[in-house]
Amino acid sequence: MASSVLTDSRWIARGEERTSLPRFLLWLSPWALLLALGVYAAGLCLYYGLNQTNMDNRFAFGLWIFLDLGVIALGAGAFFTGFLVYILKRAELKPILNTAVVVGFICYSGAVAILMIDVGQPLRAWFTFWHPNTHSMLTEVTFCISCYLLVLSLEYIPILFRNRQLRKIPSFFIFEHQLHKLVPVLAAVGTLLSFFHQGSLGGLYGVLRGRPFAFRTGFLIWPSTFFLFILSAIASGPSFLMLVTATVEKVTGRRLVPQEVFGRLAFISGLLLAIYVAAKSVDTLVWLNVTSPSAGFAPWQYYSHKPFGTPILFAEIVVFGLLPASLLLFRKTAEHRGLLLTAAAMACCGILLNRFVLTVQTLALPTLPFDEFLSYVPSWQEVASFGGVIAYGVIVYSLSYRYLPLFGSKGETTHVSGN
Amino acid sequence: MRRSILVFALGVAVALFAGWFVFPRVLYVKKAQPLDFLHKTHAEKSGVADCSECHTLRDDGTFAGLPPMEKCAACHSDRIGESKAETTLVNDYIKSGHETPWLVYSRQPANVWFSHAIHVKRANLTCTDCHSTYGESDQVRLYEVNRISGYSRDIWGHSMSRLRRTPHDGMKMMDCEGCHKKHNVEVGCLGCHE
Amino acid sequence: MRFSRRDLLVWGAGAAAGLVVTPVPWKILDDTSKWSQNWPWIPQPARVPVEFKQSACTLCPNGCGLRVRMAAGWAVGVAGLSTHSVSRGALCPLGFGAHQLNWQPQRLRAVRHRGSASSWSEAQAAFAKARSEGPIVVIDGYPGRAASFVLQSFAEKQSGNYRVVQGAETRALKPYEEWTGIPAASLGYDLENTTTILSFGTPLLDGWGVPGRFTRLWSERAAGTSDPQLRLIQVESSFSRTASKAWQWIHIREGSDSALASGLARVLVEQNLVPAHGPIPAMSLAEAASQTGLTVQAIADMARMLIAKTPTLAIAPDNNPSIAALNVLLGSVGTRGGIVRRTQSQQAYASADEIPNARAILIDSSVPWDFAPQSDAEVFRFAAWDGGPTKVDWLLPAPGFLEELTDVPTAPTASVETYGIAPSLVKPVSEVQSAAQFVAGVDSSSSSPEKVIHTRCEELYRKRSGAIVSKDRTPVSQLASAQKLEEALQNGAVWMDEPASSVKLRCELKEWPTNGPQPGPGNWTSEWAAPVLPPLASKLYIESDLRESLHRGNA
Amino acid sequence: MSAARYGMVIDLDRCTGCGSCMVACASENNVPALPQATARTGLTPILVREVSNGKQGADHREAFFPIMCMHCEHDTPCVKVCPQQAVEVDKATGIVMQMPQRCLGCRYCMTACPYHARYYNWWDPSWPKGMEKSLNPGVAVRMRGVVEKCNLCHARLHSAMEKAAAAGKREIDQADYVPACVEACPTGAIHFGNLADANDPVTKESRSPESFRLLAKLGTEPKLYYKSKEAWVRAMAEPNTAPTSEAQHG
């Protein structure tokens, strides 16, 4: 029988049950294919240039930027959980900490990979560090994201070294042990960095004086979107973690984290989302009545172009904001897994919708009185590289889940007994 | 434990050697100039006193750079002396009327706009301020070109670390900026770029 | 002792740590970025000094003055020559990109015989044979040049025919030629002295005539004021560039120009707005109104507008007798500010519309591509650019933009005689011959354009009339020699004759013309459809919505 | 050299939309003519836009807006956003300049520009065989994957500076520095001058009641003025705030 030959049991943590290698590979293969396609598409874009995409001089940002903003928002769970566990000492969230780190790592590395394709001259991307323009939100983003990716890697390594085989190498073991002590510090650093780049990602559009649809006044150098992005990110992060964990539990048919973790996450997510919705509503009112008119743009204009009518604003704030927020805050929700996940999913969609509106609608709308409303449909290369990133995420997560003690306090205890 | 330290140190040593001694020799290709032209000889024998006699400024302020073939032909219309270089000059270039494909040590990339007129006439820099005493050299340097960027080595300068540089060594943007800063001349990107 | 796997790892770690403090990673980072700034496959301009030369544009018979930016013997930029007394520093958009035309993919670089590669010697042999066998018709698209003279005398010697394909601007003057007997080629518009212009869809501000002449005039006398010294009334069925800037835009039905002209004529005569000489059109005012889609009242108002500020000049885009007749009625023929006769009388050219029976037809490169001779004779066609399929036996590569010395005779619409020279500034990109050089090669007795230009300059010098105009104006009488005159012209100066007001031109009309407009083969100045456009014209045709886009091959 | 503030006043009543400025600009700045480029992916540092008053039939009117970099002075959107200082406002001239060789092609500046005056090199620049001989010396060809825009023909400014220096002067002769589009315009609709000089005719013209700037309310202080006698043309300065603007978009 194949499995007897094809086995990786010596790599799987002791006492953990994992499906047979062939079945695991079977599960990976479609994702591997998607990843390969993505890499090919990315290759085309790097070799021939961005004429492979459907972006153009007015639609200079497209699907990819939306993806970057989206995944980085969802990846916020990583730093935020770390923050809750190590800074606010919410020990009950420890079980999902590893997942959080892996998910964060995937989201950020994915985003950075896409960015490298999205810029026309990746070989010069480092100029941002050599000749930084300190006034640019993008500089802030670049610095923080690359630093935070480093932090995430450092947080990921100890988990990696906790693999059954790797632990056997003493130097690794020591290294991991030392690094593990660092984790609280890393969490603190990560939190700081994340707060900034989540914010500056919002600022990215908020500062666009030339795009009254996106332009916001704010506090000191930071436009209001700076703070809204932080809020929305930390609100959606936990929801996304719930979704991931729940999905894994479904796929593997195991209970991985205690129910109360879900309850806790739901409450945090709901609470923050509620605050976000409130802030967002205030911001929208100020923008519609003060900021935009003073720039000479009557707000109705933004919504006079189908499909970007007022319904989208309603959906963003009420349907995918207020509604999930109240659901998540509602204690009973946590008991019904289905309802809980729906709410979490809606919360995530709300955030994605917000990022979509800010990136895509902003560019589609005319600024000059004789501009037309523009539409844009991504080319297959853009979509494929997008899919590639998702595939990459699934693969990395699956591998991590199979070979590393993501959940299972086992990892922890054995670690303690180890020294 | 001691052993691993030893092995680690070995690794470091190998890397340092490769990085500091092997790498530069791989990165730069040495090329000989088409002719071994000697500034010194021309200064002494043909009594060329001033650089600008051959490297002229045109009326519109543009810099003529290396002199055209007819400038050489003026004296070398037929061979002076027996040197091999003389033969090549006369036969391959002057007689056939081809310009000599000199390899320009201080060639800047296409997007750099450097005006000799402004630096010489307005800032009163002398040739040696930037080109050192190459005008008195009695042998031709090998031209070294960077395999990756295609730049002349003089742009980065001959010290790989750029720490032990002789004066006038290196013509990177930061060198221009350094000099401008020193003489508090304020120029934006537009000042030197096309 | 043996080197364990563990040692390897440690060694690697050491090497990695060491490498960081060597130039390797940093230099590679720097050099790869430099590489990306100087990609070897991206062409860069030559590092050579730039100089400026004068010449004239020969893309069409209007001969605008050019200030050409030259580097390493090639034209690297074109601008209008501000001292040029005809074009006054203006060019049409096609002119600004013309210096790239010579490298057009459609550029003809070798002799082609019925589509397959051939050679000049074969072409010459074939032409000599044809010549021995029968009459030869020579077709010219730009009469009056020295080259034209060479071709014409050759044709006449061959008991052949010299035929001319005239541009729309000249064709528009044909009716006057019929009525006055004065060749269209020596008639022109006295735009400088007119005060009301009634344009029937003529692209006056969009490449008509010498672009600089009217646009400059318009921007001095009409632009940006509600009561201009020069009233431009544009009659057009669709909204054009000229209409957008006209003092008045009269919106009429397509193809009803003649009807409007007749209608206006009726009003002018019936209401005694003009001294009642000349015939009255058969068409009733009501009929004219219904055809044009205007009200009777509107036409009447318009007629009054025409005589409110005279002289008034009606300009047709092409041969349209009714519009010409309207000018006659308005008394705008042979008068100041109207249709004037120039001092030198050209001969009337035979049109190439119908071609006599011939053994062979020689077509000069100045003939527009959309002209295809209706004949089964052997066709020798000269062209610099391949303008697409037409019946051609021998396709012969002619000199391209600025590649040959040519002279610039008076522009078709000009009111005074002018003469200029367009020196060749760049060397041909391949082995080319002009039709004139070709016939000279076949018939040793025939002259060369260079010689003709010399003699013409000498004539001008002998006549002592007019002046050399560049930055300043030097009467020919003050010039030292014909030499000097030619040199001046070589350097962008233009010889200009005295204004033509003195010359008589009388025109009476027996009856109102009944035949409608007779448009000839198209002309890019009016239709913006050149067979080959400068590559940069893609900015106009593809990257902006300014002009209806042509097929990509051209742009 | 005393700081200048180069700007323009474009008289729209004189612009016939012929497009000469576009071609002259492209030729001066070695902009490639790429057949694969479209209206949305082309490179036209100065782009003439057609606008209409939205009326039909005899009342229909049109005007042409040459759109190029407006060289904004205050809070310049593109300068503020560029992560690596590839864009800056030149202190000596007030020119908002783009340094393609510094640019990493993130296109953030393009999203920041309200005038869509910035263009991305979607393709490697290329010319038919031999045509590279017609490239204008003094203007480096840009590579694929970077943003470029109108630099007010600063190669011509360089030549003027060099000429002045050779003559031992510090100030350039204004006549030596005229951008290609200004030189090309057959109706003289584009007026170029130094707005820092109160006596410059362009400065005076920019103050005329008929002069206006596009989207002035954004507060970016563009140095490019437009001018027209027609009220409906001047109304094009700001987005129409009456809820029937769809028809307006020419």
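Read from first to last, the chains carry the letters A, B, C and D; within each, the first residue is number 1.
Operating definition for what follows: a contact is a pair of C-beta atoms (placed from the backbone, for glycine too) under 8 Å apart; a residue touches a chain by one contact, two chains touch by 3 or more.
Values in this document were obtained by computation on a predicted structure and should not be read as measured data.
Here D is the chain whose Cα centre lies closest to the centre of all protein Cα atoms.
Of the two chain pairs examined here, C-D and A-C, the one linked by more C-beta pairs in contact is C-D.
Rounded to whole angstrom units, the spacing between the C-alpha centres of chain C and chain D is 29.
Rounded to whole angstrom units, the spacing between the C-alpha centres of chain A and chain C is 62. Measuring from the averaged C-alpha position of chain B to that of chain D gives a distance of 38 Å.
A straight line joining the Cα centres of chain A and chain B is 51 Å long. Counting only residues that touch two or more partner chains, chain B has 4, 58, 60, 62, 109-111.
Chain A has residues 121, 124, 127, 171 in contact with two or more other chains. Counting partners per residue, chain D has 38, 42, 49, 85, 101-102, 124, 138-141, 143-144 as the residues that reach two or more other chains. This structure has the following touching chain pairs: A-C, A-D, B-C, B-D, C-D. By the touch criterion given at the top, residues 6, 9-10, 29, 32-33, 35-37 of chain C touch chain A in their complex. Residues of chain A touching chain C in their complex: 121, 123-124, 126-127, 169, 171. Chain D meets chain B in the complex at residues 85, 88, 90-93, 95, 97, 99-102, 138-141, 151, 154-155, 157-159, 161-168, 170. Only residues 57-62, 109-111, 113, 115, 117-118, 121-122, 186-191, 193-194 of chain B touch chain D when the two sit together in their complex. Residue ranges of chain D in contact with chain C, taken from their complex: 11, 13-14, 16-20, 22-24, 26-28, 30-31, 33-35, 37-39, 42-44, 47-50, 57-58, 60-64, 101, 124-141, 143-144, 180, 183-184, 186-189, 228-229.
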